[in-house]
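Residue numbering begins at 1 within each chain, and the chains themselves are lettered A, B, C, D and E in the order written.
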Amino acid sequence: MNQSVDITAILPEIILSGTLVLVLVADAFLAPKRKWFAMPIAFVGVVAALIATLTLIGDERVTFGGMYVVDDFAVLFKTFFLSVALIVLMMSLRYFREGRFYQGEFYFLLLTSFLGCVMMPSSRDLLMLFISLELVSAPGFLIAAFRKADPRSNEAGIKFFLIGVLSTAVMLYGMSLVYGLTGTLNLVEIGQALSVALPAEQEPLVLAAILLVVAGFAFKVSAVPFQFWAPDTYEGAPVPVAAFLATASKAAGFAGLLQLMFVAFPAQHEFWAPIFATLSILTMVIGNFVALQQRQIVRLLAYSSIAQAGYMLLPFALVSADPTVNASAFAAAVTYILIYSIMTLGAFAVVVAMSRDASSLQISDFAGLSRRAPVLAIAMTVFMISLAGIPPLAGFWAKFLVFRVAIERGDIGIVLAIVMLITSVVSLYYYLAVPRQMLFVEPERERRLSAPALVTAVTVLAMVAIVAVGFWPELLAHFPPLATLVE
Amino acid sequence: MSSQEIAFVIVAVAGTIGAFRVVTARNVVHAALYLVVTLSSTGVVYLLLAAEFVAWVQILIYVGAIVILFLFGLMLTKAPIGREALDNQRRGVAFLVGLAVFGGLFYLLQDAFPWTASDVEPVQGSASSIGTSIFADFVLPFEAVSFLLLAALIGAVVLSRKDDAP
Amino acid sequence: MTWENSAITIATFLPLVGALVIALIPREKEQAVRALGIVFSGAALIVAIMIAGGFDYDAGTELQFQLDTRWIPAINARYHVGIDGISLPLFLLTFVLSFLCAIYTWRFVPKPGKTKAFLALMLLLETGMAGTFIAFDLILFFIFWELVLVPMYFLIGIWGSENREYASIKFFLYTLFGSVFMLLGFLAMYFNSDIGSGVHTFDIVALQGFAASGGFSDTFQLVVFGAVGLGFAVKVPMWPFHTWLPDAHTEAPTIGSVLLAGVMLKMGTYGFVRIALPVLPYGAEKYAPWIGLLAAIAIVYAALACLAQKDLKRLIAFSSVGHMGFVMLGIATLTTIGINAAIFGMVAHGIITGMLFFCVGSVYDRYHTRQMADIGGGLMQKLPYLGGVFAFVAIASLGLPGLAGFWGEVMALLSSYEPAAVLSDAGLTTVFRVFMVLGGIGTILTAGYFLWMLQRVNMGSTPEKWKREVFPDVVAVEWVSWTPLLLATVALGLFPRLLFGVTQEGADALGRLFGG
Amino acid sequence: MIRLPLVLTFSAVLFSTGVYGVLARRNAVLVLMSIELMLNAVNINLVAFSQHLQQVTGQVFALFVIAVAAAEVGIGLAIVILIYRNRETINVDEVNLLKW
Amino acid sequence: MVAAILLQGEEAAEHVAAAPNWFVENAWLVVLLPMISAALTLFVGKRTPGKGSVYGIAAVGASLILSLGVLWQFVQNGGATYESSVDWFQIGPLHMEVGQLVDGLTAVMMIVVTAVSLAVHVYSIGYMHGDQRFTWFFVVLSLFTAAMLNVVIANNLFQLLVGWEIMGVCSYLLIGHWWEEHVNSSSAIKAFITTRIGDVPFMFGIFVLVAATGFETTNIREIGELVAGGELAVGLVSISALLLFGGTIGKSAQFPLHVWLPDAMAGPTPVSALIHAATMVAAGVYLVGRLFEIFVHAEAYVLQVVGVVGGITMLGAGLLGLVQDDIKRVLAYSTVSQLGYMVAIMSIGPIGRDAAFFHLFTHAFFKALLFLGSGSVIHACHTNNMSEMGGLRKPMPVTFWTFLIGAGALAGIPPLAGFWSKDELLVGASEGHEVLFVVMVLTAVVTAFYTTRMVMQTFFGAYRGHGHPHESPLSMTGPLVALATATLFVGWLGAGPVGAAFFDWVFFEEPEAVHLVAWVATLSIGVALLGVIAGFAVYRRWRDRDPIRSLGPVYTLLENKYYLDDIYWKGIIRPIRDPIAAAVYWFDQNVLDGVVNGAAGVTKGSAKVVNAFDQKVIDGAVNGSANLAGFTGGLLRYIQSGNVQRYAAFLFAGVVVLAIIFTRI
């Protein structure tokens, strides 16, 4: 029972793993002053991996006995994750160079985490999903606590760690039940097993199992009530790490969730759709309303990312017997995740640029940024307004697609849509808080802010992307068909 | 009730008691030792379930490694003694939640699977069979886990080492 | 891309280009920035005028300068723009006012300066406003509609007066709140539409056709008209959704107020005429009496509120509510006359109230106060020309025949004497006549507060405290930016055909929907 | 041959005990131990099911879980020690600088 | 675009009974010229020598000549009505035109208006000399004249309405000409608002008519024919007639809206002359005449209302005239009273209408004369109060004699104009309208009395004022003489004995054989003399305490103008302007806006609850810091306590709850 391993399919992963080993080794030989060379190395490696991924566009590869699949969905997410990796790397360089950090180890851990991300969308097997998830989380726990001297950072680490491990345990318990009930780990087979009518006495257990598995991922995507770690961790962790957690790791969670829900458990949708509806509403409401209270920029972004998770969960709640709706719901979710990540990365980039300037960053520290760093100010304004979903920016289209599916779905969809509308109007209030500071308030000191070139580059890049997509949303349509997992 | 089952029940009871003590002991070291009890009895359960390899791994890694880690941790953090130091004020809430979880699971599990004994020949979870299985079907997760362990190792070292100048 | 199908796109996006160009100019080059502002809005205006010149006035009903091309195939939203008799006047108005505002900015940039950002935002705003009037695709319409919010938010928030933050956020949230429900309605229309083989559409024209074929059920229309109408009503603003307006106006810089009153409010009423009425006729029919009621209330209510004002600018802001009340009353009658009157009212209000805000702005620029008590009369003595212009515009605004303000009001009242057949058949004639009477009372009160205002501001002799001050009377820049409006006020008053001639057919087609 | 529900019940007991421990213990190390209990419960499930289903997959999964658990413990203890070094305490309910 | 639209307008004009001749066809020039002069004066006036009065005078003079020409040709044509018009605009079914309707009425009114206006223009040169807004004054004068002429010539209701309203504003501007004084601007506003109150019903009346024709036409003549042909429901016609009459009440200062006219004296005297003699107030009467078809074909009660209103006004105002000390106010009330005559008499049908117009015609001349005369007096003594005048006949003879002629005419002394026209009125009333007749006679007495009082107090006795009054300049006396001459002769135009040319000109359709009824004439002379003698007897000698005061309570009542102003001011205007407006605004700020800001309020409210909940349920972890207020704050502190174990608890609890809810355990 030897299986032929398709090397090209896992080439990106191989390159990535090679890179991170290389980083580790290189770090050992670099003089303290030169430690930051780790970053360029990592960067090149990721670029290579990215290229390798792009070569996979379009073809459908199944390997490791169906455990690992490379299809459009996977490629899309891999590409996305690797791009995020590049951005995070760019954001990190100056930040970690100037602080007292173990740079080499940091980049190593970061890449490991990204390795997990990259594996996630291809894992079509409970075991693989579990491993990938751990691979994403475990290094995350570590780099969250990476500002060793700062108790807040340690605290971020421990909270992240505890909640993470707990939910992993819960998820594993669920997985074990699923395994026990279906006798397989492979998602597709699980799907088949569950699509046939189960014995009545097992029905509740299946549902409970699904719930437990969902809980594990709900932690990753920071959905209420599994979100508590997020604000504390984001605030305590180094800002680039927070950026990573808010985007890549969250997206990884969603990637996993999408596969589970649309491949393994579609048969039970009338059970789990309401659960997602509940989660989504809770997340939208609590996330947005709590965000209104924030004075601290990173926490604000944290709650915003929670609130946004609510919008990303919404499409799951719309899944029904109607395949077309499912397809568009799926597409909407994916699109939302991607666009959201770009906006949030941009915002975090601005924070990184600022945080070299003020220690723990209050919103009020943005006062008069329009004078001190016009480009950053404009960019930040764009991100915030886009996050609020005001056209004609990318954020609007993200919301619009979700919204549209909700209406198309009808009944429960309408309710969700209205909650979404109201909460997003509310959200505008806190999103505008930052531009208000930057533009309406005069700075206490005029000194120009010198942002790192790389970071500025990232911000501008993100801004351009958002505006471009905003005016010409068809750009999104150029992605490979998004709905490969459904139907 | 077969002999195996009797054995199982005894072991299970031992493990359960150990578990209870782990979460209630007033002395952290005691707690660690009770953990050993539970883990070992779990290992025995594996044996009873004819999963030798898993059992050995359980004993080796858990009892042999993890518990040692715990003890190191306890020493390094010179953990205090006594209920107030070890437990918080919300034991009641915790108990209720725990009970709820157990109740839920128990209820769900009871009639989900037949109580009728199945006299099928158990598969031998021998080292060889599992090893082949791993290296045949589970290469990829294996590699992944190795990276995970590596990362954990490096990270743990970085975090826990005293550093004056990084 | 021929001239025919690209003209309005060019006109609409020229200002956007201008905004980008200005953004690239170093902020030190103040003069250059200002000049560019004038150049781009001027260029846009020229294009717009050429469009008006090329417009076939005998075919006011059909879309001209049309462009219908793929935009977002995924959701079958198309870039469908065009212009017809109803939208042309508002389209022009947008460019004229924006251009004049740009000129006005040559001399008057409100605190705290930042000319560059100011003009960039203004041009962005212009694009948004113009786009709203040419969009024939619901999504496109919505995009432009929302595009307006952001620049206006910043115009108020950065260049406004004391209470600007509150006013700006209130404006933004309130209007956004309205528009999200509008979006809800749009999507509902989309999914319930069907242009052959179950294809949905956002295209307004197609939707009209679909609606005409009885595609939308009655209950559906009622619900959706409610949602869409709410969005428009907030923008108009209809009583009782008007409370954002006084704050926004009072705090906004002069330019902001001018454009807000001059064009943005029209977006709401235009929405009713362009989308709500034709696509949801049954809904319109059922809501008309209520809209009429709110309009009538607004007319009297606003007038009374004006009488209580101490702040000059706030007074004029409230007067806008009243004037829009007349517009809405005209629309509510669902008659050709009423709709004509409404559009006339929109344009007239745009010109006159815009002008009023210019005047107030200039007064503030001299006196640095908007409190009528502080000014304490004698404006005519201190600054004869400014006072004269102000008096003229005020009198125009109270609906003097021979000036633009008259026709909108009187025709709206006339139409409400005999509302559309669908309404009179429902036995609502009497109701609307009551509205007419209320409107009549409103005109008296309107005259009352405007004259009272003039008495308190213009007349009497200058108080001592101002005697010493040396204020410049109307300066060149002001003359340049005002004269066109003043002329338009007279021209429209004497030759209503200038407008009715354009809108007549479109309004007629609409009126026929309701047997009016 | 041991009947499945018996084993599952045992694992349920361990799991919920772990839950209690996680919620009730202050000392971070003890919390970690409780988590280990939960993971053990999972493993018992897996092994039991693999027997029930006549296949080794479950046992393999269990092995991976053990491995991951080890890694987690390492990470956890590292963080705990780090905190202890900075704060002189490892009582999780005292670790609340970050809130709201 | 402009061209595109305007050119459509220049379509072939519609002709009725076309008798092509220049003056009649181009009657619209009469309107256009003053309009042009207004514009000219506005833009270049200040830069022309004499500050631009020339334009106005030239234009109005030209207009006068033209209108004479029009009348002449009109008579030549044997009184063929001429109408022509151009498209104005099309709105819905409604087709609007601007046009001219030239018949005798138009022709004569144009003459009256232009003549008086010319006199006023000329007179103003002297009277307004040195005024800081001299030019502006002439602008508005011309515009005023143009507006009135537009009303006169209009062939459709909306065109008429335009002129009508513009007049309102012009009166506002002129009355408030000296706006530095608060009282002036106030009375200007009063005039405008009061008349506007009448205008709104007037407008509605137009709506009713137009709607009744199915939005077919707004043309006055066509509507008249429709009404006469009984095409329109009588009920509608009656209603519209009443509403239209509202306009008359406002503009012609009929009871109860007459209150603005006396206050209008705040304006410069020439303005008063213009308003009272030829333009504003005449418009109301003219309107009824112009739309007379509608009134006669309405149900009977309409004309009765007209009669009653007129009657009340004529006597009531006459009595008020008795007690005034301000010479202009005396004249003002006399105007109101005379207008009352005209309105009242129209209630008896066509004959009355003719008589009314004759009186309007003559009244225009002698009232203008009187006002300008009083102006000259005021100019001399710098006061309006007769108590500070007296004995002016020596220093200013011209003024005196001309004024005397005017007064005589007003009192109805033969052979002056007033006598003839008033006689026509009485004759009309005498035929079966007893009540009206009696009222008229009484009013005649009163009129004669206060006229005499005015003359005596002003020109006889000794001078009681300051300074040395002297005769006014030629520019002022000239018009006086001209108007006096007119007053002497225009009466004969309507005098039965000499053929009553006036009526032939104006009303060809029914050539009234106007005859002098002996007893009526005698009576009218008698009452006039009675009044004069009584007045002379009472006021022969100056008394510091006006004898009229001996009337006691009646005097008080008159002194306070029947308390109408107080009722209006205290009862209506002030309440609306202050408390009600304030209340509305309060409502706006606190209720409507409150709802909006309420979102915050509500959450704050629930915040209390949640916070309380906090304190109870949650242990010390929540040490409620004050600065985070609001629901969100409470929520936040509750869930995000910072204690990781509570997070864990939530996690498990969440799972359990979800499981219980959804897995139907």
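Keep in mind that, in the parts below, a contact is a pair of C-beta atoms (placed from the backbone, for glycine too) under 8 Å apart; a residue touches a chain by one contact, two chains touch by 3 or more.
This is a predicted model, so every value here is computed, not measured.
Colleague: Give me the set of chains touching chain A intersected with the set touching chain D.
Modeller: Chains touching both chain A and chain D: B, E.
Colleague: Return the chain label for which the distance between chain Cα mean and whole-protein Cα mean is smallest.
Modeller: Answer for the innermost chain: C.
Colleague: Which chain's centre, taken as the mean of its Cα atoms, is farthest from the centre of chain B?
Modeller: Max centre-to-centre separation from chain B belongs to E.
Colleague: Please compute the C-alpha centroid of chain B, do the same for chain D, then give the distance between them in whole Å.
Modeller: The answer is 6 Å.
Colleague: When the centre of a chain is set as the mean of its C-alpha atoms, what distance in Å lies between chain B and chain C?
Modeller: Averaging C-alpha atoms per chain gives centres 72 Å apart.
Colleague: Need the CA-centroid distance for the pair chain D / chain E, whole Å please.
Modeller: 95
Colleague: Starting from the mean Cα coordinates of chain B and chain E, work out the distance between those two points in Å.
Modeller: Each chain's C-alpha centroid was found; their separation is 101 Å.
Colleague: Return the residues of chain A touching two or more other chains; collapse runs of consecutive numbers into ranges.
Modeller: Answer for chain A, listing residues that touch two or more other chains: 127, 131, 134, 138, 141-142, 145, 148, 157-159, 162, 166, 180, 204, 208, 231-232, 293.
Colleague: Residues of chain B that touch two or more other chains: which are they?
Modeller: 88, 90, 93-94, 97, 101, 104, 108-109, 113, 137-138, 141, 145, 148, 151-152, 155-156, 159, in rising order.
Colleague: Touching at least two other chains at once: which residues of chain C meet that condition?
Modeller: none
Colleague: If two chains touch, include that pair; go through all of them.
Modeller: A-B, A-C, A-D, A-E, B-D, B-E, C-E, D-E
Colleague: Could you pull out which chain A residues touch chain B in their complex?
Modeller: 1-3, 5, 10, 17, 20, 24, 32, 64-65, 67-68, 100-102, 105, 108-109, 112, 115-116, 119, 127-128, 131-132, 134-135, 138-139, 141-143, 145-146, 148, 157, 180-181, 201-202, 204-205, 208
Colleague: In their complex, what parts of chain D are in touch with chain B?
Modeller: My answer: residues 1-10, 12-30, 32-34, 36-37, 40, 43-44, 47-48, 50-52, 54-57, 59-60, 62-64, 66-75, 77-82, 84-85, 90-91, 93.
Colleague: What part of chain E is in contact with chain A in the complex they form?
Modeller: Chain E reaches chain A through residues 628, 630-633, 635-636, 639-640, 642, 644, 646-648, 650-655, 658-659, 661-665.
Colleague: Please name which positions on chain E make contact with chain D in the complex.
Modeller: Result: residues 621, 628, 636-637, 640-645, 648-649, 652 of chain E touch chain D.
Colleague: Considering the complex alone, what residue numbers of chain B touch chain D?
Modeller: Counting only chain B, the residues touching chain D are 2, 4-5, 8-9, 12, 15-16, 19-20, 22-23, 28, 31-32, 35, 38-39, 42, 45-46, 48-51, 53-54, 57-58, 61-62, 65-66, 69-70, 72-74, 76-77, 79, 85-88, 90-91, 93-95, 97-99, 101-102, 105-106, 109-110, 113-120, 122-123, 125, 129-130, 133-134, 137-138, 141, 145, 148-149, 151-153, 155-157, 159-160, 162.
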